Structure formats: C-alpha cells, structure tokens
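As written, the chains take the letters A, B, C, D and E, and residue 1 is the first residue of each chain.
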Amino acid sequence: MSATTDVKTYTGFRFMTILCLVILYAPLAVVTVYSFNASSSITVWEGMSLRWYIDVFVGPESAKFKQAAFNSFSIAIIAASLATAIATAAATAIMRGGSYKLRAPSIGLITLPIMVPEIVLAVSTLIFFNSIGFTRGYLTILAAHTAFCIPFAYLPIQARMQGIEDTYEHAAMDLYATKAKAFRRILLPLMMPGIISGFLLAFIVSLDDFIITNFVKGAGIETLPTAIFGSVKQGLKPNIMAISTMLLGLSIVMVTISHFVSKWDNTK
Amino acid sequence: MAGGAESGGSVAANTYAKARHWLLMPSWFVLGFFVFAPVCVMLVYSFLTKEFRGGVIWEFSLAAYDQFFFDRGLFGDAEPTLQWTYISVFWRSIWQAGLATILSLLIGFPTAYFIATRPEGSRAFWVFLVTIPYWVNLLIRTVSMKFLLRDEGPLNELLISTGLISDPLHIINTNLAVQLGLFYSYLPFMVLPIYASIERYNFTMSEAAADLYATKLTTLRRIILPAVKPGVIAGCILVFVPSLGAFLAPDLLGGAKNFMIGSLIEEQFKGNAGNWPFGAAASMVLLTMVMVILLIFARQQRRAEAQS
Amino acid sequence: DGELVVYHWFEYMPAELLEKFETETGINVTMDTYDSNEAMLASLKAGGMGTYDVAVPGDYMVKIMAGEGLLDTIADGELANKGNIAPEWADPSFDPGRAHSIPYQWGSTAFAVDTATYTGDINTTDLLFNPPAELSGKINMLDSQGEVMALASLHMGIPQCSSDRDQLQALNDMLQAAKTHWASFNSDTSREVLVSGDVTVGMIYDGFAAKARAERDTIKYAFPMQGYVVWMDNVVLLKDAPNRANALIFMDFLLQPENIAAVSNYARYGLGVTRATEFLDPELATAPEANPPATAGKGAFIEVCDQETQAVYDQIWTNLKN
Amino acid sequence: MLDYGEIAVDVRSAVKRYGDFTALQKISLSIQDNEFFTLLGPSGCGKTTLLRMIAGFEDVTEGGIMLFGDKIETLPPHKRPVNTVFQNYALFPHMSVLDNVGFGLEMLGKSVPEARKRAAEMLELVQLSQFAQRKPAQLSGGQQQRVALARALAPSPKVLLLDEPLSALDMKLRKAMQIELKHIQRETGITFIFVTHDQEEALTMSDRIAVMSAGELQQLGAPREIYEHPRNMFVADFIGDTNLLEVSVDKIVDGRAYCQLGGNHTLTCNAVDDVGVGAKVHLSVRPERLVLSEQATQAESLKGTVVENIFIGTDITTIVNLDDGPQFTVRTSNSDRGTKRLIEPGSPAFVNMETGAARLLVD
Amino acid sequence: MLDYGEIAVDVRSAVKRYGDFTALQKISLSIQDNEFFTLLGPSGCGKTTLLRMIAGFEDVTEGGIMLFGDKIETLPPHKRPVNTVFQNYALFPHMSVLDNVGFGLEMLGKSVPEARKRAAEMLELVQLSQFAQRKPAQLSGGQQQRVALARALAPSPKVLLLDEPLSALDMKLRKAMQIELKHIQRETGITFIFVTHDQEEALTMSDRIAVMSAGELQQLGAPREIYEHPRNMFVADFIGDTNLLEVSVDKIVDGRAYCQLGGNHTLTCNAVDDVGVGAKVHLSVRPERLVLSEQATQAESLKGTVVENIFIGTDITTIVNLDDGPQFTVRTSNSDRGTKRLIEPGSPAFVNMETGAARLLVD
C-alpha cells in the first residue's frame, strides 16, 4: 500500500532508521578503512596495505596481544559455559518449580548484575576480593565473569521457556517417562535455542568486558579489552585498528551464527 | 478450554518443584558470593573511616556520607551546607544520561517501529544490522567514535570538503560528545525492547483508530505509544542505567574534565583521590537511585500488565 | 629463570631492553602500567601489594610509599651495581642512603606549545592558568594531582604545602577559573593531543615533549619563568615482592650504564648512573628540552605535605575535577 | 423484508492482488441501504479482504468502490464514514470502556464531555452502562464484543462492517449475540455488512447472503433461496448437510430428468438447461427432505438397509445404504411424529423423496 | 449399546481443592470397561481437573480413584496405565511423528526398532503412514489430532483420556474426526473418557454422559435419557434448546399435574414426586415437540400470535407469543411436511404439544 493510506507506515521512519545505521556504522567503517592504511600515522592515508595485520601477528606487541586474546577467549568460553549451565538450572527451577517464597528473590538475585551499574559491581568485587584475601589473577576474572554473565545467559533461556508449555512434560510423563527422562528428552531439547542464544550472549559480554576485568585482573594479566585500552589510551594505532577489524569480522561471524541458531527451530 | 494449570509458563508450573532448591543452588552460590556479598561489603565500607592515601580503618563513621551531602568548606571546618559538588556530579550524570536516553529514544523508536513493520522474514536481518556494532568491543566503539569526531577527524573533513562548514565543528571533549558516545554505546538496548513490544503490538488497533477517524499522528500518540509503553520504558532504563555509571565515554570523549558518577567512583579507588569509604558511599547512593528507578519501572510494568 | 612483575609508567621502557634482560637472565617479565604516581599508589593499596615486585614512583612518592610501609629495604651488598649510582643521586632526601630504591630517570614537567598555532611568548605558566582567549579550549592538563598542584603553586608563587588559608583559597579559585579554559585532563595522550593538533598547549614531561617535537617540529617545550617541576623516578623494591631476588637482578641490570642509557635514548630523559655518557645519544645533551634558557625559573621537586594540609589539597583537586 | 432505498455500497469489478496471488477476482456487489448483508465462505476465500477494501485498509488493485454514490477507493480510512467491528474487537486496552466508545466521536472533533455523553448512551444501548469505567481486559468475551459494537456505532456510521464478530464466543453466548445484533441493526437502520464462515449464523441473520469461494462470488440471494436453490455444487455442499450423488442422466422428458444412481436405482428431478442426456452430473438432496418407510410408498422409493440411527438431540440422523447403491443420510425430527418412523439398524427400509427435493447441479 | 464388563475407572467421593476454592465436590462415578464416556459441562466446571486427577497430574484432595480395582491416586503419572490426548495435542515439536508415537513404548522399555514398528502400525491405523518423518508443525490441525491419538493409543493403555480433542478444529473437520474417533474406540475396545463442552458432540458420540456444573455431577445417563429426561433445570437448559416456563401447579390428579402458565393458559404433564399443589416450578418443553396449527387441534391447544419465522436451514424456528402469556419457540422441519404448517407472522396460531413432551423440573 502507499505510505499515505497504509495505517502502519509512518513517513520518515525509514529515513531515521538509515540515519541510525549510519551513526552505528560510520565509526566502525573508519576503523576498518584505516586498518588497511600503509602509514603508521592515523592521520595520513598512504595507500592500501596489510602491514598492520601482519604487525598484529609478528610485531613488537604481538606476544602481548596473543596472550591477551588467549586469556579473553578462554575466559569467555569457560565463563559463558558455566554461566549457561547455572542459568539453565535456575531457569528450570524458576519456570517449572511452582510458586514459592524464594522465587522472586532468586529472580532478583539473578538479574542483579544487570541492575547494578558496572562500575559499582567492579569496585565492590575488587574490595570484596581484597577483604577476603583473594589474590587477583586469571581465576578472579573468571569468577567475576561467570557471575555477571549469568543474567545474560538466563534471560534468553527464560524467554524461551515462557513459550514451552508444561503439557509437553506432562505428555511425556503420561507416556511413562520419569521426571529425569522428561527433562532430558523433552524439556532440554526444546530449551536448546534459548540455551545457545544465552551462551553466545554471555560469551560476547564476557569478551567485551573492560570495566570489571580492569578492576579484578591481577598484575600482568591482560584480556583483549584491557590490552587494547592500554594501547589506545595513547591514541589509536593502526595495529589496534587491525585487531578491531578482525574482532569486528569475528563478531559478524558470531552474530551470524547466533542469528541462524535463534532462527533454527528444532520444532520445524 | 485450557485451564490455568495447564497453560505454559504460568507461575504454577511445577514439574520440577522437588528439585528447585538444588537447581537454584549454583546461582545462589555464585551470585551470592561474587555479586551480592561484594555489594554488601561495599555497604559496610561506606560506613568506615578513610585511611590517609587509600584504604580503610575499621571504625564506624558517617564521614563518607557527610562528605557526599555536606559542604564543610575547603578546610573542613565551615558550617555544613548542602554539598553541591557531588550532587552536581550526579545531576550532570543524570542529565547527560537522560539526554543520551532521549537521543536514543528519538532515533531508536522510529528504527524499532520500522523494523517491526518489515515483512516477517526480513525483520531478523534488520535486527541483525542494528546489533552487529553492539557485539563489537565497547572500547573500540568509543575510541573510534572519538577518532571520528576529532576536530581534524573524518567527520569534519567530510563536512568541510562538502562545503557545509568552513571551520571544523568542535565536538570532542564536549558534553555533546559524551552524549553521542553514550547514545552510541547503548542504542541497541533501546531499539531491541521497543522492537519486541511493537512486534507484539496488534496493528488492528491502529486500524481501529483509523477506522474511528484518528489521523496517523493521533494514532501514534493515543494508541501506539500507550500500548508499547513497557518496551519504551524498558529501553529507556537499559540505556539510562548503564549511561549513569559509564566512565569510558566521559573519559575518552569528554576529556575526563567533568566527572560523571562512574568516573567519580573510579577515581576513589584507582585514581588520585584514594578515598574508599567515599567511593563506596557514592556507589551506594548510585545503587539506591537505580533501584528506586527500577522499582518505579517495575510498578509501571505491573500496572501495564494488569491492563492487558 | 623465574618471573618478575613490574609496575611501571606507560611508554617508559624500550621493548628491546626488556627482551635483552629476559634473554640475559632467563627471567620472564610481566609489566603493568599506570599513568600517575597517585594512581599507582591507589592501585597498590587496593590489592596490588604482593603481586608486584618493583614499581617506579617519582621522588615524593618514594617518600610517601616508604612512610606507608610499602617498600622493602635493600640490604647492603644486595645490589652489586649500587656503586654505579651517580653521587648526586646516591643519598637523596626522599630516600636517604637509597635504602629502597635506585635512580631510573629524571626530568622536568612543564608544558609544550605548538608554535605554529600560538606565536606569543611561551615561557610563562599563564598559558596554562591564565591563558589568552585564543588558547581557551585548546589546553590539555596532565591527570596528575601532584604535578598540577605543584605547577599551580609555582604560578601563584606560594609554597607547595601552604597552610595559609588565604593562599589556599586563592589557589582553589585560580584553578576553578583556569579550568574553564581547559579541554581535557589526560596524561597518557598528552603527546598525542599535541601532535594531532587537538590542543595547542599541553602540560607534559620534557622527554615526552621531545618525542612530540620529533613528530611535529613546531612543538616547543616551555621553561616558565615562574618555575617548573623537576622529578626523579626511581625503581623501588616493593614489600612482599613475590620474586624479590629477581627484582634485585632487575635493579642491578638497570644500574649498568649501557642499559639505563638505552632507557634515556628511548624516553629522552636524564639518568642517574655514572659512566653512561658514551652510550647516550649525543642529541640528548643538546636537546632544547634538556637545556633550560636563562629566563627559566627554578625547578622544584614536589613536596610531601602532612595529612591535614594534604586533605585541603585533595579537596582542591576534587573540586577541580568535578 | 425491509424496504430498500438507495444503494449503500457498490463494489464495481473490484480486483485485489497480492503480488502474483489474486485474492479477489472482479467482484461486483450492490448492497442496499438498511440491509443486513452477509459475506459467507470458507476460510481464505477473501471475505476479510473485501471488507478491508471497503474500510480502506487495503488498496483496490482494479475496479472501484462507491459509498452512497461517492467514489471512496482512494480515501484514507479515517475519512470514510464507515466503521468496523473487528474480529478480535481491537479494543484499546489502556482506555476505559467509556473512552473506547467515545474515541471516534472525539476524533470527529466532538468535545470530550459531548463524546462521553453519547458514549454513555451507546453503552446503554448494549446494556453495559455499569461497566463504563472498566478496562476492556476486565470484561468477558461477550461484553467486549458489545463494547466493540457500541464503539463502532457511536459515530453513527453510514455502514457498519462486522468481521466474524461472534466467532470467538461460545455457543450459548453466540446465539444470544446473534439476536442482539439483529435487533440493533433493525433499531438503528444502519447497513450491516457481516462476515462469517458459519452458515447457520448467516442463514439466521441475513437479509441477503453473498456466498464466496476462492475470491469469486458464487451466489447472491436471500437465505432461503441459497439454501434451497444452490446454484452450483460448491454452494450446495457448503450450505447445510446434503446428500451429494454422482448420477448419469438417462433421458429427459417434459422437463424432467431421469437419473441413474447406480445399483438400478433411479430418481426423477427437474431438468436443467445445461445438462443433456448421458451427462454425468451431481444431484443434491437435503436429508430433511427424505422420509423413511418400511414399505415403498411412492413409485421412486429407493430400497436399502438402515446402517445406524444417530441421536443428535433435536433430530435423529439415519444412515441408509441403498442395495448396491450409494449411501443416503435421512434426517428425522426427534418428536413423536418423527420417531415413529424410525427403523432399527439392519432392517430394510425405503427412502422416499418429496417432489422437487432433488436438484441437478452443474460443475 | 455395548456389553459392559468390569468397572474401568471408579471415582470415589473425589474432592479437589485449590486453596480455599473447591474445584470438585465429592464426585462419584463408575466408568465401565469399553465405554465411550463423556464429561460435559460449561467452562470451569471441573472437567479438566477430573481428567488430570485420573491421569495423575493433580493430587486428589479427598476420596480415591480405582483403576480396574487398583487404588491409583498415589501413583505418579508415569506409573498409571492411562494415556491422554491433550487438548492442544502436546506433540513433541522436536521429534518426528514416528518418534512421537513411539515415545511411550520406548519409555516402557521397548527397544527403539520395536517401538518404531508399533508406532508405524499405529500411524497406519490413523492413516498417516506417509507423514511418519515429518515434524508435527508440518501437519494440519486434523492430522496433528490423529498423531496425538496414535501416540496415546500406541502403549495400549487401559483407559484413554481425551480433553476436548476436537475443539480447535473447524466444523467440517470436526464432524469427520467425530466419526473417526468413534470408529477407533469401537475397533480397539479401549475405554474412552472424553471431555467436551459441546453438547451436540456429546450427544452424537457417547455411550454415557456425565453432565457437570460448578464441580458437581448434575446427571449421568445415556444421551437420549439426558436430552429427554433432564433431571433439573441446569441440565434442561444446558442440553439443547428448550422452552423453560415458570408455572404454578393448580392441582394433581391421577399422577397428572395441571399447571398454570399465566394468561389463563393451562398445561397438563406428568406429576413429579417432590412437587405439590401450589408449588412454583419450571416446566420444560423442547421446540421440536411442539406443533403449530391454525385451529385448535387438542383440548390444551394454546392460543397465541406468530411473531417471527426464522429460517435456519434444516428447520424453521417460529416465535409465538401466547395471548397474555409466555413466549414459545416452535421448531418445524424445513420440508414439505413441515413448511405447510407455517403460519405468517401476525396471524393467530395454536401451539399443540405431544403428550409427555412437557416435563416439570425441580430447582
């Protein structure tokens, strides 16, 4: 229908959407373009080159970034896995545990990390580790990440479970399945798209975190964001742009995967 | 007809009632230990005495809150008056975060609406477009924003080369830059919840309004907005809360010149000031503020739910 | 072999030198960086102790850290190369007898100006604290309480640890007024903002200014007639160092003339070790940043105030940053 | 029957295409003023599409629509003096019942008190005055339906469109609302265009019915005409239960066609123009037009065996298998005059037909 | 009618409370083996609750449930040899049709190939063999319904529970499935307990019906018994259309009650034990049991005026207002033998009643 007669269409909303996308992409486009700059100065364009991509892998900072990348990815994978497992159990208890006094407080506790401003969480975790004498290092980052990833894993799982009627489990039990079997054979497969989305969200949130990591990381331990931060504070360097562009590419791959996973519906 | 007990996801669904405490145990443990306990420690610290040059002395004191709320002059011996320094930091944060939220809403709502009215098959693609930058490191986003906005950065070069302006726009290190940075950091948090609620919105309602002689603008104001209010409120909160505590954007884009709450708190633990109880107290004030906002939101949400 | 954890200023250690140390000793070095003495102190107090072996505080901070009990004592004979320390730096007031530290680098803190943009006289602190209209909004300050307050005191001609209420009030008011002209507080980008032209005047360390000049030759380091800050950074042995022995090896390594000279060549500051001249870049001696003109005021070390006085300075700083 | 005056809605060769798919194929309809007009047809036949084109929610691909003589197909919905009762009511959930009903009047520029006053009157009409301050979610389905009706009636539209307004209600409520709707239509004199896929509802309520299938108009007429003289097989099958038999025409004499049912059974019925001797056609006869007897009562009594008597309350349905022939369904009233005709399953029985009850159908 | 053997399900004074709310009040029912037993009642009367108690999804608050003589009320669902066809089928969306049907057998410990083999047989029974590899979402509503049935039948339960299995289907499909269900029940001989709120469905399919209202059993009996001898006003009103009149009993002679309808109209009907002279009671008479005539044909012909003839397809409903008396609905078959009795609106008419058609109702 034409925009003037169709009651759904608002003239100008398309323009706003495009404007929105331009704002979102312009800075990233700049990063991507300058990452191919041959010059070592970000202000001058000296032609196409893969120099900085090579630099990322063999340059003077390559060891630091390799270690940081390893830390980031290993922490993200472990923390997201733990958080997803914990969130799956919690979502089952909350969506399928009947009504009980601890239900609302549990939901509150699980969503607390999103509600508390990140800086507050970062500082309080630091003080807490300090006051109980934890030595800061890889494990403290891992613990903190696992904790704040839980709500990000929980929310998609819970949303998914909202759409799963409990008649499915009833039907399974009616057909002689025990509770454990009904969970494994029916509920878990049905939750799977939510679990995968939750995992990916947790993974990315962990990979992206700077503030909390920066407070709880021990000496000499860097994740990609903290390493990048250490570098970019003194100005954008082309090698950082190359790393960023690679991360952007990786994000696109991840988002694409998660997109297909969330579209993937094992019920069709 | 499906009775209450058999409809899915209801509070009463209780297939795993017997195991619920075991299932919740890991989350209680992890979150209780690594989130709840730290926040409690923070609460305790805010009532302790500051140690000279960082740290705490285990002596009860209200000094941190006193410092936050009362001005005792440069030398600490004047008659206490209301302390505007920190209140104005908070006020500035609220104001900055608020403007960023409004900016996000103004651009995010039409975007969300536009996406929600795409054919079902292509909506995912649009959502995908909006979310890609969000999955990219916040730091990189902020730094590249800074690079883009510099006086001699690509934006100004572009504007000057097109002849729109002759002198570079001075954006970096201004409040506008901070707002833009916050907007840029959290925009998808605005778009996604609004999108979700518009997608659930029954467009027959718009047709009913048009059928009853309402113009499109009236329909937007009187019918659509009230109907998608929960999404709008959720989006505003998800942008506003993190903006309030942000310190990357103020630090990198605002030149660390005018503190926002996040920077103020960070400074107490990592920077020059080293006043832990004060940082803890400021955190508690911030936390309380956020909780109050969320409670208001929860009440709104419950009211909205009761309506439909 | 083994580990060494160093807490260091950003951009203050050439990567090649670290590599050399690692290959020579087989010790694996981990390095964290900070951007001000105060940030380093805060971080150490907030859980950093016990994780780092050495840090590199400035003069006044050595004294503070010693007072806080954060430093370990280097016993006689523990450092083989202690004798290499230049005599003028062998018994400084901030660490009598070098019980906790060895010299690293020394230099000054003032500001640099892009003379392509600003053509007036640059050797006055007015450019920071009472700038002409054309510089308003084109000034970057270091995000470092000690250096900013010290330079401001020099500008006003008052003592650094004044307890005179009128002077303190005036200092506060002056800074509040000056702040309206400043674009940003930033230490780690203090060179970058000058080179990129984002600001015209930037508070900066002399060596950093030299590096800026290398990238944009119109940048000139100022020696204000009101005076400027001088400092010496020192490698200190931290209490509870997990790798104390390696830390001492590292200190000995830095006391070797050719090694510390490599630092100077990289960072463009002075050093405190004898017999190093032959290893130094000859340009260093003639660099304008290292040779104050006759008009220059006196260089002053940052002083350590008592707790009560410090509280007032802290308050002034807080007021400034909010 | 009502007196019709002008033509209220005139749909002229209207075509609606969605991309390649043609949802409506050259539909022409004239709906009289004051008429209770029903669009009836199976799911997906285009009923809603036609209604939405009249209301202005869909473009007309080809052709035109006139409202009391004015071309309206290019007007936006809010400029058409036509109101709609939506299938799922589409009540505004955040507004009170009173504000819902007053909304249209407010939009027409009436002041709020004026709109409220008229809204209150409309609520009186649908007997919901005491619920004026409630939110729609606090009402039952039937009450919501009445609010939707009041809201659509409040601006006194010239034509009211109703898209399956009763389909979400349970049977008892539905019956009650049918009576109420009919009553309100008569009282207000507004032209109603009513959409349903329930044939009984259509038969009970309408002045005229348009039967649609696959985007085409199949038949248009009064309920009785459509039930008793279906124009084609689709209509015969869609409206009511019927015995549809494939037959071949043996001969045609004096306008009477002699048809072969198979198994040596024959039936006579009125001939139809397009059907010649030897043609294979369908024959339709309603179960209630058949009578069972133990002995042959007429020349054409068809002999068979009772398979089953199914009790359905008001009536009893008997399944009879003709000897070597097709199966017939016979409907008998569950009353003394009917039940005395019942024959036990397994017993032989004769199926007798009223004259004129059997109709030949083309296509 | 079937031969009943043992009692399949015996519900003994079962009570179900949700907190303060009593959903079922001391229900006692014996369901015979091989029976097609229907629970009928309005929404919220407790049908699903009773079914869920039998299946084991709800605790029994008081009383007990026996299955072929064994106490089962404390067994968990997976230990009860009872299967359910859920209202919305509850097919496992991530499993193929074949795996859905085989699930129960697998859970009973059958090997996968064995379970598949039997599942394939069940799919044959419901004529869905060619869809074995599809996911449930790729089937139409009617096909899903048949898969649900096959899945529940596969483990050869002793009793099959069906909770409104047809309510989501459209009318034509629903009719077809009614026939199929009935057919399968006869073939397998499994006891069916069927829940519906559609009275016509209940009447057509059941061996016996239990009519429930507000958690209580109102009447239990064969369809015909319930339709023709409703025990109380609720049943009379809920099952089918009826003329419900408030009357007072003038006198009782020889087991016949003489009732005042108002406006000097009287009617005679069989007396009921609990009703004495002077009592105000209700009288029920089905519209199809009434006959209209232009002249009085019997002593008790009631004089009135025809208000309206409503054409409903198979029948015509006539509304008659008795002179100074109540309104009657009369149902006449739409056939020659019926339509010749029709009287124009506005004309006087007499309402005649079959003997025994009127029933007095207590409460």
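Please note the rule applied: contacts are C-beta pairs under 8 Å (C-beta built on N, C-alpha and C of every residue); 3 or more make two chains touch, one makes a residue touch a chain.
If you want to know which protein each chain is, UniProt gives these names: A = Spermidine/putrescine transport system permease protein PotC; B = Spermidine/putrescine transport system permease protein; D, E = Spermidine/putrescine import ATP-binding protein PotA.
A quick note: this is a predicted structure, and the numbers were derived from the prediction, not measured.
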Query raised in the report: Tell me, which chains sit next to both subunit B and subunit E?
Result: A, D
Query raised in the report: If you tally the C-beta contacts for B-C and for B-D, which one comes out higher?
Result: B-C
Requested in this report: Determine the centre-to-centre distance between subunit A and subunit E, using the mean Cα coordinates as centres, and give it in whole Å.
Outcome: 55
**Report entry** Where subunit A and subunit C are represented by their mean Cα positions, the distance between them in whole Å
**Finding:** 39
Requested in this report: Would you give the residues of subunit B that are in contact with at least 2 other chains, written as numbers and ranges?
Outcome: 6, 152, 207, 209-210, 269-270, 276
Report summary line: Residues of subunit C that touch at least two other chains are 46, 196
Report summary line: Where subunit D touches two or more other chains simultaneously, the residues are 56-57, 76-77
Report summary line: Per the touch rule, the subunit C residues reaching subunit A in their complex are 5, 7, 10-11, 15, 30-33, 35, 46-48, 50-52, 188-189, 191-192, 196
Query raised in the report: For the complex, which residues does subunit D have touching subunit B?
Result: 55-57, 76-79, 82-84, 86, 88, 90-94, 103-104, 107-108, 135, 137, 151-152, 155
**Report entry** Complex interface listing, subunit A residues touching subunit C
**Finding:** 43, 60, 126-127, 129-130, 135-137, 218-220, 230, 233-235
Report task. Spell out the residues on subunit B that touch subunit D in their complex, using ranges where they run on. Result -> 202, 204-205, 207-215, 218, 222-223, 226-227, 306-308
Report summary line: Counting only contacts in the complex, subunit A reaches subunit E at residues 165, 167-168, 170-178, 181, 185-186, 189-190, 266-268
